[in-house]
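What follows is a set of structures for review.
Below, subunit A partners subunit B and then partners subunit C, in two separate complexes.
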Partner chain A sequence: MSMQSSEEAAFVQDEVSSIVKESIDQVMQIATYNHAKVPQWTSDVIETCMKKLTLLNKPFKYIVTCAIMQRTGAGLHMASSCYWDNTSDGSVTQKWENKTCYCIVTVFGLAI
Partner chain B sequence: PISTGAVVKASRAEGGWRLAQQVVPSMPTEPEHALRPLHKNRFSTTAAKDIINEVLETKLKDKTYNAELTSQWSRDIADEIKMKLKALELPRYKYVVNVAIGEQRGEGIRIGCRCFWDSDVDAYADSTYKNDSLFCSAIAFGVYLY
Partner chain C sequence: MDFTAQEPVKVYENTYQMGPRDDQKVSIPRVEEVIKRVLNEKMEMTLEKDPTKRDKHLWIYDHEEVGEMSREACEAIQQGVKELGYTKYKLIVQVQMGENNGQALRTASRCLWAPESDVSVSGSFVKGRMFAVATVFCLYHE
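Right after this comes the complex of A and B.
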């Protein structure tokens, strides 16, 4: 059984990072925090990200998380702990903000 | 000696048949190349949810939001949940645990996630904990390695 070359099968952080940034900009550009619209925005950001990631056609399973929070001066801490194969799996977190809200998107890619 | 999966050998000697070896049915075990886990080895949402609830309850019971310590708490909680999931000893599973702790100031927050995986073998479990000064959202994903 031939093994795939390591570049093809590893999680490429830069590529995924730029995809995530593009997706957030696309959806959240003109958004002011609006409680009713937030569920729609989170879904849109995640779906846009997911579509672009699947177009990469890599042998990966993806988990995309998005958190949108109102800017009231409150603090938020996010942490993640993963049990996986360091050589092939990875994650990327992108933070985006405007005057009224924060948007944090994390993508975990796990090789199959 | 009795060995699992051994073939029955019966020999015909004078006076009738004699059983040389006995067949012992072997328990189904996962072969090295399994594409699917056995049903008892699947990631169980309910078991994982209980683990998360337990960890959040013990770690955050009487705590108040504190800007310096909360970042340490979130890391500790994520590591503890991951260790407990490892202790379940599900073979060939990878785990990802995400924890978010925020201050309760009446702000709105929405956390969503979507996964591109094999829903037959992969699953997730999530839970939130709230008290007067903080809220915590923890989610654990279990992904099978083929």
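Right after this comes the complex of A and C.
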């Protein structure tokens, strides 16, 4: 029995990138940094992302990480290192900012 | 006749294994230990205090240096977890390092995976002028 073609099972960066961007815009558009609301926002952004990713119906495990930081002039570095299969797995990072906060969302997709 | 060497086609037999066996499962405390050890090592130099002024840290936040530090920490954690010997797992290590400036940072993550076999472990380090958060995701793969 032949396996499914590899195009279907590869991580498509552009597709996922646009999904992430849409999700962040949807939730954070009208947001001014408010400490009490941040947990809600992080959850919302991630849930929205996840729902759209599952609609792609691909045989992937997903990890979505969202970091929201208040804009006070401090620096932040984010690094990631992955031990996976280069041909089928991939990641996408999207940065978003407005006057009061930064939002960084990373999606890792690993083929099953 | 054509004698050019060709790699024999590898055929993998079924193991009929659906998930990790008990001895193959990731041990969360061990991974936590690796994270703590690496973060402590990397961050040690940021804690150097000025001997002449009380409570004043010598080390000043430098953007490129911290970038380098976070990449090194990532590699070191990945190496450490690989050495623990979980052969059937794919690893993702994420490190966030920044300046402690009185700002708030919130990180959340959600995962769509198999909860019986996949784990995530995280550790943090907040001291002096720096903070560092490291998360390791281990996903079972046949």
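Going forward, the second predicted complex is superposed on the first by the 112 of 112 C-alpha atoms of A that agree within 3 Å, B and C clash if a C-alpha of one lies under 4 Å from a C-alpha of the other, contacts with A are read in each partner's own complex, and residues count from 1 in each chain.
Just so we're on the same page, a residue touches a chain if its C-beta (ideal position, glycine included) is under 8 Å from a C-beta of that chain, and two chains touch if they have at least 3 such contacts.
Since the structure is predicted, the reported quantities are computational estimates derived from the model, not experimental observations.
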Superposed partners subunit B and subunit C on subunit A - clash or fit: clash
Subunit B versus subunit C as contact partner of A:50, first or second or both or neither: both
Which of subunit B and subunit C A:15 touches, first, second, both or neither: neither
Touched partner set for A:25, first subunit B, second subunit C, both or neither: neither
Touching partner for A:74 - first (subunit B), second (subunit C), both, neither: both
Which of subunit B and subunit C A:63 touches, first, second, both or neither: both
Overlapping contact positions on subunit A, where the subunit C interface meets the subunit B interface: 35, 38-39, 42-43, 46-47, 50, 53-54, 61-85, 89, 91, 106, 108, 110, 112
List of subunit A residues in touch with subunit B within their complex: 33, 35, 38-39, 41-43, 46-47, 50, 53-54, 61-85, 89, 91, 106, 108, 110, 112
Partner subunit A, residues of subunit C touching it in the complex: 61, 63, 66-67, 69-71, 73-75, 77-78, 82, 90-114, 118, 120, 135, 137, 139, 141
Residue ranges of subunit A in contact with subunit C within the complex: 35, 38-39, 42-43, 46-47, 50, 53-54, 60-85, 89, 91, 106, 108, 110, 112
Subunit A-facing residues of subunit B, complex: 65, 67, 70-71, 73-75, 77-79, 81-82, 85-86, 94-118, 122, 139, 141, 143, 145-146
